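I've put the structures underneath this note.
One chain, subunit A, appears in both complexes that follow, with subunit B as partner in the first and subunit C in the second.
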Partner chain A sequence: MLLDYDRMGWLKIALLGFTALVAAFLLLPVVFIVLLSFGSSRWLAFPPPGWTLKWYRDLFADPSWLEAALTSARIATMTAILAVMIGLLASFALVRGQFRGREILRGLLLTPMVLPVVVFAIAIYAFFLRLGLGGTSIGFVIAHTVLALPFAIIPIATALEGFDKSIEDAAIVCGASPFEARLRITLPSIRIGIFSAAIFSFLASWDEVVVAIFMASPSLQTLPVKIWGSLRSDLSPVIAAASSLLVGLTLALMVVTALLQRKVKT
Partner chain B sequence: MPAGFNSLLPALVLIVLFFVVPVLALLLRSVTEPEPGLQNYATLLGDGTYARVFFNTFLVAAVVTAVTVVVAFPVAWMLAIMPSALASIIFGVIILSMWTNLLTRTYAWMVLLQRTGVINRALLAIGIIDQPLPLINNLTGVTIGMVYIMLPFMILPLVGTLRAIDPMTLRAAALCGASPIQAFRRILLPLSLPGLAAGGLMVFVMSLGYFVTPALLGGTSNMMLAEMIAQMIQSLLNWGLGSAAAFILLVVIMALYALQLRLVGARRMTGGI
Partner chain C sequence: MIQPFLSIRKLHKAFGAFTAVHDVTLEIPRGEFLTFLGPSGSGKSTTLYAIAGFQDPSSGDVQLEGKSLLAIPSHKRSIGMVFQRYTLFPHLTVAENIAFPLRVRRRPDAEVKKKVADMLTLVRLESFAARLPGALSGGQQQRVALARALAYDPPILLMDEPLSALDKKLREEIQAEIRRIHRETGVTILYVTHDQEEALHLSDRIALFRDGRIEQTGTGEDLYLRPATDFVAGFIGNSNFLTAEHLETANGAATIRLADGSVVSGVSVNRTFDKGQKTRLMIRPEAFGMERKPASAELAVEIVDVAFYGERRRIVARTATGQEIDIRPTSAAMRSQDLTPCSRQVFFDPAAAFLFSA
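Then we have the complex of A and B:
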């Protein structure tokens, strides 16, 4: 009866209790950081002696934070667009193509997800130094697209595998060109996969620390590089304020995702 | 969009030009700098200091994997069978934690675990300890921070594995007189083993090469491999030694990746995320 929720007795209570504890553990740092960002203690004492918006004012008073956030947003957007376009094309080949070595190529394209980022980071850093792309936006976008590609291919390929190709064939029989059939029948049907791919590849770039640390230059810093630098010098509450805004962004992204998924289901 | 090989070309060009070539060029440096030969590898494998870094790395990865598997299993089990309204709340928490900026989460743990942090204060207040525990700048801090990051990667695929198990098999076991412990040991656990092995291997591989959390929560005296590689390149500018260390890490991880592909198959694994 171990998989019958209603007939597990005390075991269910114990396991649910444990699950609640783990959920609390997962939630703890996120909630903590938001509370801390409103706390008045410079030394991050908790519970804080009072509440303040000072750290948010400090954050917005320093233009380098906003600049870093805008740089990150720009690079992550370009990365997401590129990764989704390249990933979409690759997914069609990987799912439907009939050629030798398809499985090996699939493995190759997904390798950036498995290889430790630090290895890729120093490799691409050295490579871009020679090409003169170190510390440039283009360099960032290329490196992040490599890292984001697996996260774009996986959801799109999964969606495409679940799509019944005979519907597309039917459109062609009814007179649509193959391109038109893909554009107007297949793409809308796998839009959840494409949307997930866009979110994942955006996050892969937006959150990326290691390549960014190596690639960044004084004139080009992404948000993670800015946070990393501040973390290494001190644990200022301004980081908590910046972090809380990032948590807010994550929540917004989750709500949008949930709404879109609901819309698709109905 | 041709469905044949052609539409794979942009991805292949990107990966070959900006992934395969740079990584191979890096590996070449490990046998050519400062002079041709294998002396970098000899240094890394022959020196006790480096041996300790390798040992630390494997130790932390193994402990993190073990803890993650044990903690994730009951959660995934409940998520697989609980009413969907309740499950979606827990899933929400997991996604929130997973999607929150990595540095944000690590920063939170730095503050929580420090000597005067909330956790030490709470333990002192309850009276479990009478002086603050050293929870940060050591392997304890690294382990806590890494388990936190890895849990979603273990829980989410495991829910899929558990959901695919037919509850009838366990009902049958109970009807035939199996005690819950027997049913767990002889049916539920073996049936979820593929998911556990795949997830565990993934967590182990990710932990081996992890950089951010060990660098921020770990101490200088017990460095992990990824951190050491970054330091060799960034601070010491020793490209030969750094790329040799990177190559060793790469070989270990690729071997484990191959094992994982054999174990679960590329399709199953990629569908897991």
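Then we have the complex of A and C:
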């Protein structure tokens, strides 16, 4: 191959340098936030004059932060469950189905990924306002499920494509009804895809802010909305602490997913 | 009339304009090992899938002990099946795989345990019970699949080219295993393969498929020694076809004139030919001899090449009209002077040769 990594010579060093630069550019802001959340400066000065856990204590002392985190977790969990259930059914249709318009349906289900979020947010806000779903948990979950659906369908459909249908047929000849065969054989066989789908759709809701701002009400705020609101009123290191926790949980879930996927491959 | 165990009646299957199976009728007695043999696309797998219930036939019927199976869904047909591809359940251990058909039938634990142990013994994989399928070789996986298919004592076992993914040595090993299991369990087996040697080794009877129809059904010997059509003769074993003109038939033996002008009489026929009809004479390579025998017919050939194949030699010869023929006499029957390229006579028994229309 023309661009074989092993044959690049000095280009290899340049490429490594460039990649490191891009990674640093992407990661440094996150690292700064985390460092600042432990810094003693009230004004987010860098480098911090000293280190403290005060902001985390303040964070946990304020019930509105905890409430926002719980709201986020609740909505993200319901979104994940709903997205996985719909994603599972949709994947069976998209992978196994033989019907007209299958490709169109696939495209339609994946559009939330490419559609500008703010456009979707305004549209669903206007729509839900009429239905009286604005500012409700149900509205939140439905909106986030639409956004999370592509992240559920892609891993499940990929896993299902990689699963040999003869195995399901074998279960049926063994005496399992088609439903039982899918429940006891097909689903466990694609469980890693289902698990990835659950994590990704959880995260799609957990750190989503644009739609959330439109859906939120004073009594119903997710963590990203709370961070956004606090940023506008009062720039405090408590926000850095909250952001760090948000990033931390996301990172933990990604690591778990990666580990599980590796375990299955070996 | 004795009720046949499994009976396939005028089975017909069309996919749009393409007819995959054409009025196939077969009766299979209990305990038989019947092989569907044929080239790919000949309808043998489709017929098997219709019996399994994965394909609904366009018309015709499949009956088990006089009762139609067609209205019964696959999972209630009580059929065992081994597939071409590896179909063990990847997340279950070998023992759990074998137990699966018993578990879905809600059999008591003690019975399941005993049966799984019996099956593991049957396929000689006792020490593999706790392994996952991923940790088994292809041959072991197919043996587990066989154990799983037999675990609930199905009256019929269907096997769809179960050995085609394995290498030759392993294939022969498992063929022996399958024969032994058939002998020990007495299960009725329908086996699909495109490998004629496999069909000859394994089966009580072979149904040879061609273009959705059964060309001939019979024992391996029937098909080899008494082929009904030139397709059967060409598919089973090796054959030479010589063009010939039919002169006359009397008492089931024909007299013909070969392309080089020589006249041969006493040729086996299983249909009638017109006088002067163009025909093809089939002679097996091993039916040729280098010595004249009382009833022998002779053929003038030029020996082109002789190769040593162990118990047999393989000779490439050319007839007077330039057609290449394949001769395989036993090595012991050859003297050293036979081995050099030369022009000479070779001999064959006309009764072991068959006449087909051209």
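Criterion: the second predicted complex is superposed on the first by the 256 of 266 C-alpha atoms of A that agree within 3 Å, B and C clash if a C-alpha of one lies under 4 Å from a C-alpha of the other, contacts with A are read in each partner's own complex, and residues count from 1 in each chain.
We take it that a residue touches a chain if its C-beta (ideal position, glycine included) is under 8 Å from a C-beta of that chain, and two chains touch if they have at least 3 such contacts.
As the structure is a prediction and not an experimental result, all values here were calculated from the model.
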Q: Judging by the criteria at the top, classify the pair subunit B and subunit C on subunit A as clash or fit.
A: fit
Q) With the two structures laid over each other on chain A, which partner does A:Ala240 touch: subunit B (first), subunit C (second), both, or neither? A) first
Q) Of the partners subunit B and subunit C, which touch A:Ser177 in the superposed model: first, second, both, neither? A) second
Q.
Taking the superposition on A as described, I'd like to know which of subunit B and subunit C A:Ser201 touches: first, second, both or neither.
A. neither
(Q) Is A:Thr71 touching anything from subunit B or subunit C once the two structures are fitted on A? First, second, both or neither. (A) neither
Q: For A:Ser37, decide between first (touching subunit B), second (touching subunit C), both and neither.
A: neither
(Q) Given the overlay on chain A, how many degrees, to the nearest 10, lie between subunit B and subunit C at the CA centre of subunit A? (A) 100
Q | subunit A: partner with more touched residues, subunit B or subunit C | A | B
Q.
Which partner chains sit in contact with A:Ile167 here, subunit B, subunit C, both or neither? Use first/second/both/neither.
A. second
**Q.** Least Cα gap, in Å, left between subunit B and subunit C after the two complexes are fitted on chain A
**A.** 14
Q. Across the two complexes, what residues of subunit A are contacted by subunit B and by subunit C?
A. none
Q. For the complex, which residues does subunit C have touching subunit A?
A. 52, 54, 73-81, 83-91, 100-101, 104-105, 145, 148-149, 152, 158
Q | Contact footprint of subunit C on subunit A as seen in their complex | A | 164, 166-167, 169-178, 180-181, 184-185, 188-189, 191
Q. Which of the residues in subunit A come into contact with subunit B in the complex?
A. 1-5, 11-12, 15-16, 18-19, 22-23, 25-30, 32-33, 36, 43-46, 85-87, 89-90, 92-94, 96-99, 103, 105-112, 114-127, 142-143, 145-146, 149, 151, 153-154, 157-158, 179, 182, 203, 206-207, 209-210, 213-214, 224, 227-228, 231, 235, 239-240, 243, 246-247, 250-251, 253-254
Q.
Quick check: in the complex, which residue numbers of subunit B touch subunit A?
A. 1, 3-8, 10-12, 14-15, 18-23, 25-26, 29, 71, 74-75, 77-83, 90, 92-97, 99-112, 114, 116-118, 121, 148, 151-152, 162, 165, 167, 170-171, 174, 180, 183-184, 187-188, 205, 208-212, 216, 226, 229-230, 233-234, 239, 242-243, 246, 249-250, 253-254, 257, 261, 266, 270-271, 273
